[in-house]
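Chain naming follows the written order as A, B, C and D, and within any one chain the residues start at number 1.
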Amino acid sequence: MQVMQKLGMGQAVNQALREEMRRDPRVFIAGEGVGVSIHVNPMFPTHGLLEEFGPGRVKDTPVSEAAIAGLAVGAAEAGLRPVVEIMFNPFFTLASDMIVNHAAKLRYLSGGKSTFPLVVRIKSGAGFGAGCQHSHNLEAWAAHCPGLKVVMPSTPADAKGLLKSSIRDGNPVIFIEHMGLYFAPMPVPEEEYLTPLGKADIKREGRNLTVVTWSGMLGVAMGAAEMLSREGIETEIVDLRTLAPLDKETILNSVAKTGRLIVLHEATRTGGFAGEIAAVVMEEGFKHLKAPLRRVTGPDIPVPASPPLEQFYIPDENDLVRAAKEIF
Amino acid sequence: MQVMQKLGMGQAVNQALREEMRRDPRVFIAGEGVGVSIHVNPMFPTHGLLEEFGPGRVKDTPVSEAAIAGLAVGAAEAGLRPVVEIMFNPFFTLASDMIVNHAAKLRYLSGGKSTFPLVVRIKSGAGFGAGCQHSHNLEAWAAHCPGLKVVMPSTPADAKGLLKSSIRDGNPVIFIEHMGLYFAPMPVPEEEYLTPLGKADIKREGRNLTVVTWSGMLGVAMGAAEMLSREGIETEIVDLRTLAPLDKETILNSVAKTGRLIVLHEATRTGGFAGEIAAVVMEEGFKHLKAPLRRVTGPDIPVPASPPLEQFYIPDENDLVRAAKEIF
Amino acid sequence: MEVPANKKIEMLETMILSRKFSDSLAELCRIERKIPGMMILSTGQEAVGSGVCAALEPEDVIITNHRSHNHLLAKGADPRELMAEIFCKKTGCNKGKSGTLHLAVPEVNAPCTTTVVGGTLPIAVGQAFAQQYKNEPRVTVCFFGDGAANEGSFHEALNLAALWQLPVIFGCENNLYAGAQRYEEHTRVQDMARRAEAYDMPGVTVDGNYAPEVYRAAREARQLALEGRGPTLIECKTYRCRGHGESDPQHYQPGDEIRAWQEKCPIPRLGDELVSLGVIPSERIKEMESLAEKIVENAVRFAEESPYPEPHEALEDVYV
Amino acid sequence: MEVPANKKIEMLETMILSRKFSDSLAELCRIERKIPGMMILSTGQEAVGSGVCAALEPEDVIITNHRSHNHLLAKGADPRELMAEIFCKKTGCNKGKSGTLHLAVPEVNAPCTTTVVGGTLPIAVGQAFAQQYKNEPRVTVCFFGDGAANEGSFHEALNLAALWQLPVIFGCENNLYAGAQRYEEHTRVQDMARRAEAYDMPGVTVDGNYAPEVYRAAREARQLALEGRGPTLIECKTYRCRGHGESDPQHYQPGDEIRAWQEKCPIPRLGDELVSLGVIPSERIKEMESLAEKIVENAVRFAEESPYPEPHEALEDVYV
């Protein structure tokens, strides 16, 4: 029988890191404050790892995102399994040359000779009042870069299994954690398990409407699905978990069943990854579609700091219910 | 009567820069080799500007992309009209913090008090055998960042008018030039004119099929349209010209007429801007659609160097014709 | 260079105002949880912003970072509008879009504040370039921390500024910590000012807890810049007496280190000097304190009583 | 340190081979247009790669940049596979995916080459970190140009390497130009090696046209690194005798500057020394030249006769 524990996503990430570091001496972590941190909070992902693994494997770095990412690229090629952290998603920009032009491409450029098994963990998400230089969801950037895998768990249990798979994967993986999920404990199996990359998960079954979502928005989808159910609309929720490679099959099967699609994400609308889902379905599932698409996303603005403005930014249950009703 | 000249796109850009620099002393250009260059070729965009405007307004910089972009951000706020160059699109990564977290956001963060009227010119495109660290189309990144405008001309005449509008615009504009277009002279009006941002252009009318495209792929679309016409399929070609803000109206009107949509771009498929077009049409033009979407794009690989591989990468007329036939 | 008495008084005043402002925020966010987001204060570091800004003229520009309150107050920003913005209210200087972290006050030539570490430097270079281009007798000051000096942007900005001899002053506020990393855990160089040599730029290290010394260095750098002799790097050695932000328990900062630096607090240091030299009577300091208190109370009241922006206002101010 | 005679001979050999290799490419891309993409050569700069690589052991790693041919040949890469890759053929060391610019030869511990200026430095830091982590008696050398020393990545990489005392050698090939910008148009610092001080790292400037001097500096740096005493910045002053790439007319390089440096060509410089000191007879140099010529001809023939990759092979090698 599976023994369950209740963990926030940060704790689940922590457990995955701990298990992998115990298992494989090649795994090390690096980043700004991954060892000694301004947060003394067991809900945070790297809490306590310095104590267990020491400063040789838990490397606090200067505030130097390009060097952090480059460290991962070089060390991965040399046979280690780096897991580096970018503190907030907007700072992906500063690491993006190393990640996009190097981690993602150098294997290809070598004709398959060199490999770069590394993980870049990124904290993301709006909702903590810090404004647009801290909150800016850029998963669509990473998913547009061949050579990268992009993972965005929506539950602590998935986070644990997906991170362990990411660390064992032979490719560079961008692993994006929504900070809002750090503080909501949910059941996580105690034992070791791997959740495969590239497989979406149906978090709720339904026959009238498909909602494709990921990361912090799963909760919104689940809440709205309850509301819709009361009105007789049964929502199927496809949690992507991995954006690249994309599990088209699960999406298409669901749309084949329901005929209706909403994509829900927290990132801004234009150019967001909802477009990719739309295109895939319009290409390969067109005949099943009974109604127009709806995208429920952040509006095309930077994330504002003020609470009412930030709340306005973040899509919620009502937005999703409203969108659903438009297509019935 | 309009007097026409034949110019490559580089020359058209050059003319736009020259006219704007003559008109407005606040306009200056900066970048790596924008003055003294390793290219002595009048087909290149900044050729001869140093001679006319001197080193005070034509600033060669160190190889420092973040500083180049930051120079533009600071100088724009202070009342100048910077036009800076990023040599190749992949190096956008190195400038991306300054562009995305600063140029695009600082106005919003100031509550509308500060403004950043700057242009970042970026050379882009595959086809010159330099491989994926020089060829990597990242327009989808820029188009996913509220606060930026994104312009991608497909003809020299558009380039001239759009660049002049970009320089006069009050917002940060990412102006992406496909290098393949530098060397194909086409008619350009001699006199001064402004082409508005945010307006797509129908480059060919047709009633059976809409092809939405931009930048270097226009020629492929035009060629394929001829081939399809011979088979009785009349293609309407919507040249976006501006990706953000997006001219939804022109796209939707065309699809309302034809009922069929192909999006054609050179960038890699997953997460490419074709997804945005698909989503817009699926949301707002669903009832007009008679057939599935097709995307004709680069495959999900880095751009390879070897000629047969690079040719394989770049979408061509046959790819488009094949896709069109699939949906008739 | 002699530091004029009126400048010393000005610095004392802005330091006292900053401290009251910070203390009030520390209290508000601890007890009352009235303020969204992170709360990053400069308690103990006031001599830096106050010293530098006293050396500037109103038309000079500052570009500042996440630890901006002292810089902005010293540059003359309206405490009410700052406080309202920190409360994320509609009446804030940025209509609630910025909150505490990116306060922009173009009215006092503080047109952009960025919380991307190292972000201030290339932008300051751009501002200084515009000043040089327009041939204006102005300078730009850029504030950043010791941690920021390890970002690539530091390097690119200093190189370009030196190359073009731009009128910019790089003000490194070395408070001995970058987040939880102590100085020697993020770099090996003894003094950040040494890095100026890498660009053939003058670099000076000053006592960042003594405002007149900061003032003097900034004034000299400003003079050089105005003479067309380019940028200067000024490292102000000071100390972060509180945590990185108010939620940081400072567990990694040794208690006696904190106490030793508290003893070197820049406010009594300058205040006592002015009194003992007879420049001002000790009552004058009391007056400054009660004035500052009033200003801050007033600002807090204004902020508390102000409305939040309406949700749809989020859609404004993205584009011109 | 005395430079052993066999090392001097080795350096002369790899310089001669590099030169023949480059000359052949210059010819091939000028007359025959057989080679796609840019053609970037190191003619005149051979003492750098040859000097450094002679100081390395096979298990040491190099990370190189767009001007890599000399570095890779000196590290022992197979000229046939390199040439075939430069021709973008299926038999090239990277199956035609790289072409001339990003040649990766993990077999000789040159596992990644990047043409993003400044990109080599953080990656080299990562490689050196792995060496330290695994406690291997190895070092990593990173090659980059004077232009690259102005990228932010230079700064972040040197700071981190010094902080962690990583076994890395930063080999700055200062050829006086970055593209069309002459050294003093892209920085003010007299010697790039001065920048090492900004990280409390040793920095040395050597005559980059005299291979034994380069060798000596690299060997000493390697020794330091192996002793756990961290990185060294070595600036090799040399000169780009040809254009940035072969299509560059060099209009901005003064003719007498080019001629003066051609006089300082590193190959006769070392060759004459070895002959005049009686280390080798002059016929030995002729032999080296004709051997190099044969190797290069052979490589060119191999490359020309090799097939291009099949189009669909483009889809391979993205993921493991």
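Here is the rule we use: contacts are C-beta pairs under 8 Å (C-beta built on N, C-alpha and C of every residue); 3 or more make two chains touch, one makes a residue touch a chain.
Please read all numbers here as calculations on a predicted model, not as lab measurements.
Among the remaining chains, C is positioned farthest from chain B, on the basis of C-alpha centroids.
Chain D has its Cα centroid 36 Å from the Cα centroid of chain B.
Distance from the chain A centre to the chain D centre is 40 Å, each centre being the mean of its Cα atoms. Chain centres here are Cα means. That of chain C falls 45 Å from that of chain D.
In chain B, the residues that touch at least two other chains are 61-62, 64-66, 90-91, 94, 97, 101, 108-109, 131, 133, 146-147, 300-302, 304.
In chain D, the positions touching at least two other chains are 95-98, 102, 114, 116, 150-153, 156, 159, 163, 185-187, 318.
In terms of which chains touch, the assembly is arranged so that all chains touch all other chains. Across the interface of their complex, chain B is touched by residues 61, 63, 92-98, 102, 104, 106, 111-114, 116, 119, 121-131, 133-134, 140, 152-153, 156-157, 159-160, 163-164, 316-320 of chain C. Interface residues of chain A facing chain C in the complex, by the touch rule stated above, are 32-33, 36-40, 60-66, 90-91, 94, 128-131, 133-134, 299-302, 304-313. For chain A in complex with chain B, the residues that touch the partner chain are 90-91, 93-94, 96-97, 100-101, 104-105, 108-109, 131-133, 136, 138, 140-141, 143-147, 244, 246, 263, 267-268, 270-279, 281-284, 286-287, 289, 291-295, 300-302, 304. Residues 150-156, 159, 162-163, 185-190, 194-195, 197-201 of chain D are the ones touching chain C in the complex. Those residues of chain A whose C-beta lies close enough to touch chain D in the complex are 28, 56, 59, 61-62, 64-67, 69-80, 82, 97-98, 101-102, 106-115, 117, 146-147, 149, 169-171.
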